[in-house]
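The first chain written gets the first letter, and so on, giving A, B, C, D, E and F; residue counts start at 1 in each chain.
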Amino acid sequence: MTEIEYALNTFYLLVCAALVMWMAAGFTMLEAGLVRARNTVEILTKNVALYAIACLMYFLIGYQLMYPGEGVNAFWPGIGFGVSAEHALADVTAEGSEIAFSSLADFMFQVVFVATAMSIVSGAVAERMKLWAFLVFAVVMTGVIYPWQGYWSWGGGLLSDLGYSDYAGGGIVHMAGAAAALAGVLLLGPRAGKYTPDGRPRAIPGANLPLATLGMFILWMGWFGFNGGSELAVAGIGSANAVAKVFVNTNLAAAAGLVAALLLARFLFGKADLTMALNGALAGLVSITAGPSTPDPGLAVLIGAAGGLLVVVSILGLDRIRIDDPVGAISVHGVCGILGLLVVPLSNDEASLVGQLAGIGLIGGFVFVTSLAVWAALKATIGIRVHPDDERAGLDFAECGMEAYPDFAHGGD
Amino acid sequence: MTEIEYALNTFYLLVCAALVMWMAAGFTMLEAGLVRARNTVEILTKNVALYAIACLMYFLIGYQLMYPGEGVNAFWPGIGFGVSAEHALADVTAEGSEIAFSSLADFMFQVVFVATAMSIVSGAVAERMKLWAFLVFAVVMTGVIYPWQGYWSWGGGLLSDLGYSDYAGGGIVHMAGAAAALAGVLLLGPRAGKYTPDGRPRAIPGANLPLATLGMFILWMGWFGFNGGSELAVAGIGSANAVAKVFVNTNLAAAAGLVAALLLARFLFGKADLTMALNGALAGLVSITAGPSTPDPGLAVLIGAAGGLLVVVSILGLDRIRIDDPVGAISVHGVCGILGLLVVPLSNDEASLVGQLAGIGLIGGFVFVTSLAVWAALKATIGIRVHPDDERAGLDFAECGMEAYPDFAHGGD
Amino acid sequence: MTEIEYALNTFYLLVCAALVMWMAAGFTMLEAGLVRARNTVEILTKNVALYAIACLMYFLIGYQLMYPGEGVNAFWPGIGFGVSAEHALADVTAEGSEIAFSSLADFMFQVVFVATAMSIVSGAVAERMKLWAFLVFAVVMTGVIYPWQGYWSWGGGLLSDLGYSDYAGGGIVHMAGAAAALAGVLLLGPRAGKYTPDGRPRAIPGANLPLATLGMFILWMGWFGFNGGSELAVAGIGSANAVAKVFVNTNLAAAAGLVAALLLARFLFGKADLTMALNGALAGLVSITAGPSTPDPGLAVLIGAAGGLLVVVSILGLDRIRIDDPVGAISVHGVCGILGLLVVPLSNDEASLVGQLAGIGLIGGFVFVTSLAVWAALKATIGIRVHPDDERAGLDFAECGMEAYPDFAHGGD
Amino acid sequence: MKLITAIIKPFKLDDVREALADVGVQGMTVSETRGFGRQKGHTELYRGAEYVVDFLPKIKLEIAVPDDQVERVIETLAETARSGRIGDGKIFVTALERVVRIRTGEVNESAL
Amino acid sequence: MKLITAIIKPFKLDDVREALADVGVQGMTVSETRGFGRQKGHTELYRGAEYVVDFLPKIKLEIAVPDDQVERVIETLAETARSGRIGDGKIFVTALERVVRIRTGEVNESAL
Amino acid sequence: MKLITAIIKPFKLDDVREALADVGVQGMTVSETRGFGRQKGHTELYRGAEYVVDFLPKIKLEIAVPDDQVERVIETLAETARSGRIGDGKIFVTALERVVRIRTGEVNESAL
């Protein structure tokens, strides 16, 4: 590696990290837009706090857990703390050195990924979960559960050898986040009033759709960093071309997901459902995340469109079986995360369907089970659900003592 | 080109593309802030969908139409599909090679420009146009009209030889978008209630000025990518200096436009009109877009200030002649787009007034006439204007079946 | 310097400048969220205008004042106009040249810093100051006061030799902005109704907490440019590593500040106070700004946490002594700015406590006194406080003639 | 004195206000409200789940008038607020026992 | 005819509306309002400063009914709006002297 | 029993509420509303086009009181809501035929 290549790669990773950090704002706005006004402060607090907790926990123990260098065994990485030592000039420029970027830049890029995984959980359990129970879960998820399974693939553990291919984390980040969310939702139950006594889902419209739309745009923009940075190098013709392809495919998959979801919703509901279009774009993004560097742009369009269609069906389906996910996080990140993993072999010879299924089973299973255990422990101790009166009146007063929009008359009860 | 130069240029183009993509969010927030609450979901849906459509259509046929390599003739580029082949290492590093960046990075940078042009249309026809008619127009505009005229200048067609100079698309993107918007507005007519029976304009205040302000900031930030990326190279001292100058001039022109519009509005209206200040900043940005790399910063300030003054006058003037443009898009992008083209020869010897006038006439005329034809065809078939009852009650229920701010009491009727 | 190094450094500075420009949007949203609805248009107008004024004044005289090359003496830099000449290829690539980036890129990066300093003032004087008085102050502050004291340290003046170390401007930018704000607040007095007749502070909740949260995220993101760009070079292994460390420390300090403030507020108030968490993150960011490149990440966490605790105490304290600062700007930028300066010697041998104290005294004293003089002059002439009726009814109609949210019923009086 | 309360369609407000001013009404109080009646709401879908918008936006006017103005005000209201389509609204009349103008302390007819 | 005004807890609105429809009420007007009464509000802290939320969200229903329906409507209201907890609200009855249906000009009972 | 409806300036609400509590009023219902009267609105410009803000923000208080409290409440209202400037508002008094406390079913004076 020359100095300038190392420098360019490092700068590129940092720019991408800043973009992924920005996704935290995207999740926050998306969720704040899709809940009712009376639960808005709580979801804002949850989101800013989870990002901070993720950064601190991943710094404390997560990063060394996920990238131990040499793990204890293929399943268990062992314990470590802090970040790795920075690279010295001589090591980088040594003949045959493959050190491509600053180790702190690597940490920076990795730390924002765990925050993303955690943000996914936040939306699914919105409008009824206790804030502090959620934050305790965030400590465990970002410090242990996420990095542990991350070790299996990106850290050199057992999935590395099984032909599991997950370029930017469609499974490791998105499906993992969704699995933790699903476990939480199952223990938590649907929001009060979400279902009629005879079990039909009721609409609970989000309070601020411009915010939700802004959130989608932020996520889309941040995803250029999420996927584009996952090439981990840009300072050569091959890697620069790869990054460019990832940008193009990411953008096209999102566009196709949006249009597909918009059209399907139009067909099903007779109107242009904005929230489904937003979810469609995100579905397209998630669907391409496991393999954005191998498909031709035309295939990326198809993958994104498949994600956009699937997400609508999944949201309707989960709603029907009483899995109440106010923002559609489980469908977007879980269902489409799986879709994205399964289509990787279409364009990537190094991936196998078996390997992908192994990854889905191992990551999904591990995160779901460990999360369920943590949620259950929380439920048994401090409780995970707010009091019904507080849920009806809104979590904002109960948990945060303030309103999101105090100057506006609004229909809370 | 060395590998590292190619890599840096490619990365730079991708970063700029991400910034321009972000402008889509800027237009969305700006427009969502300047319409009434009851038309907000519709304008959000329109904006997210048009961005997605622009990406897909430009991928499908627009890019090859605009950059056919060898066109059929100076006027008609011929038909092509998809993106170009990526560059191989050997070609890039060959002696005397001028291949400066990844071809997919180029596509990525180009595709966000067509989305910008389309976003301009959206605001002008707000609060009364049918959503689906608009989206059909978007298909034609982004797939054919925009790339066709783009071929004439950037693609090597007839304007290339006439001394027409348009660095970042003040005419090709902004004036073109405004011309399509004007054609639509003329066929559509003003919003119900916009004029008193005796023809005086009535105020229809926008529902959410913080959003509009956010939109302006997003656009300003994105414009660094829009103009800054249009140098198409950064990996040398000359090009790096040029990009830096473009950043500085873009920023100063916007600042000057903002202050000039604020002061003029203060003088005319006796108060500090925020919306005029926002339009002033955008006017400054548009005015410098056709030539941000040649003027000295001092001249950039003057150009921006001229744009800021002009936009106020233009908005008042169009309002008076019953051209109802809720967000001022025609004034900002059309009128100031023309201003920007006309001042290019002041600092750029390679541009001539005749060439600029030719570009204005050809691009403006072509886009206006073809758009008018498409709008007219839509009007004659599926119709372009919503039912008066739906317009009064707001487009959100009629087109999208939901409200933007359902939790807040508001004055819809 | 090689061409490519120069180019990469220039591009890096421009990207960082765009991020810092984006902070203007962050301050705007933060402040628009923390004031009442009836004062929102005014604060939006103030913020967009101050950014524009800062750019123009710094271009006109500020930049040459701050970086005169050779100053008249250690205290007074002398007068100059415009920007510096751009570097020629030969000069850059000359043997032993230390020219690392485009001079216009340097201007671009510097100009957004003065805007940041000015934005700090805006929030503290919100909801009662006359718009035009504020803008006149902005002209003096950004054209003269800020650059004059900036000359002492970054420009080579008297603080350069005193061992004062301020990597990214914790004192020069943040404490300076807070000192100007404090002077204004002292002359202006608290908002009507902020204190009970017997002097106890009353709550005046902000109207739109999602906006405030968005503002915090924008600031956090922009701070990567603010601190990360202040290394002023990235194109070598040493500088790339330094920038990576700055990113990591900036992010961790913010995270720690957020969590610390959230926990302390929970302990004091019994609930999760979102606005304190937001201030805590910003406090962490300010606290690390004076020295983000020297502490180990663990120390950065501690510094950020200290900032987060301090900001809560400071906000409560200032509130008690009737210094009414609606957004907490003086605590965040002033008090934590000082904290940040004082902890630099912990990890940086080149800084001394004496030097830091000298900087705090000189910069803080100079900016406070000169600002006080300007505010006093304004008070004596055009007045700085709006009429009590206008304050009660909200500044928006009085100063801007429009409402921020006209479609929503709201409780203005 | 009577208190005349009218529930009207929001878009009629400006016309009504002007017409009332023309017949000498010098003051009124206006509120946003929602109405439920023969005019049916609409069923919408949000993310596939149904919801009924059955309370439609209406404006409530409250106008205190001296007895001799009652007829004229009711007539004017009924005429200008009428669109002829279902949901035009109602006028309710109740007896007012006393009126006080806060600023001056004047009472009854002179307080109007 | 009477005008029945009920102040109820917001979450009871749907139940009340349905029950009223069941006993034949064909129209009503609904407003958001805030109530102050025996049900105490709560004290909150915003950035360390106290504020009291003492006006609690309530819904106001206004229902014009012919005399023979009054009892039934009041009973239905009282039953369905009751949660048994403090703050359930009040029902007020005033005399209605006249009602006009704007659309048709019908008056009194036939206007309801 | 009477229903006292007062239209007041919003910034007077806190004072009025406290003064009413002092004279023994235990409950009231408050709404945001807009008033039109002698107090003129203001003309503004939005992007150069005129618009008139002629409905000014007001607060409506509704207070049901037993007959023997009527005078005191009216006086207290008039005094504390008075700023002496145009637009201070009105007090309207109507007869209340019946009051029900929903929680307990109590009626009339004991329901207040």
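By our rule, a contact is a pair of C-beta atoms (placed from the backbone, for glycine too) under 8 Å apart; a residue touches a chain by one contact, two chains touch by 3 or more.
As the structure is a prediction and not an experimental result, all values here were calculated from the model.
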Distance in touch steps, counted as few as possible, from subunit B out to subunit F: 1
Set of chains whose contacts include both subunit D and subunit A: B, E
Between the pairs B-D and D-E, the one where more C-beta pairs touch: D-E
Chain centre separation in whole Å, for subunit E relative to subunit C (CA means): 51
Computed distance of Cα centres, subunit F from subunit C, in Å: 46
Multi-chain contact sites of subunit D, meaning residues that touch two or more partners: 31-32, 44-46, 94-95
For subunit B, residues contacting two or more additional chains: 4, 8, 15, 205, 208, 214, 269-271, 273, 275, 401-402, 405, 408-412
Interchain pairs in contact, sorted by label: A-B, A-C, A-D, A-E, B-C, B-D, B-F, C-E, C-F, D-E, D-F, E-F
In the complex with subunit B, residue positions of subunit C that touch it: 3-4, 6-8, 10-11, 13-15, 17-18, 21-22, 24-25, 28-29, 32-33, 40-42, 44-45, 47-49, 51-53, 55-56, 59, 82-83, 86-87, 89, 92-93, 101-105, 107-108, 111, 131-132, 208, 211, 214, 399-409
For the subunit B and subunit C complex, residues of the former touching the latter: 2, 4-5, 8, 12, 15, 19, 36-38, 205-210, 213-214, 216-218, 220-221, 224-225, 228, 234-241, 243-245, 247-248, 251-252, 254-256, 258-259, 262, 269-275, 277-278, 281, 297-298, 301, 405, 408-412
Interface residues, subunit F side, partner subunit B - complex: 44-51
Residues of subunit E touching subunit D in the complex: 3, 17, 26-31, 64, 94-103, 105, 111
Complex interface listing, subunit F residues touching subunit D: 2, 6-8, 31-38, 54-55, 58, 60, 74, 77-78, 81-95
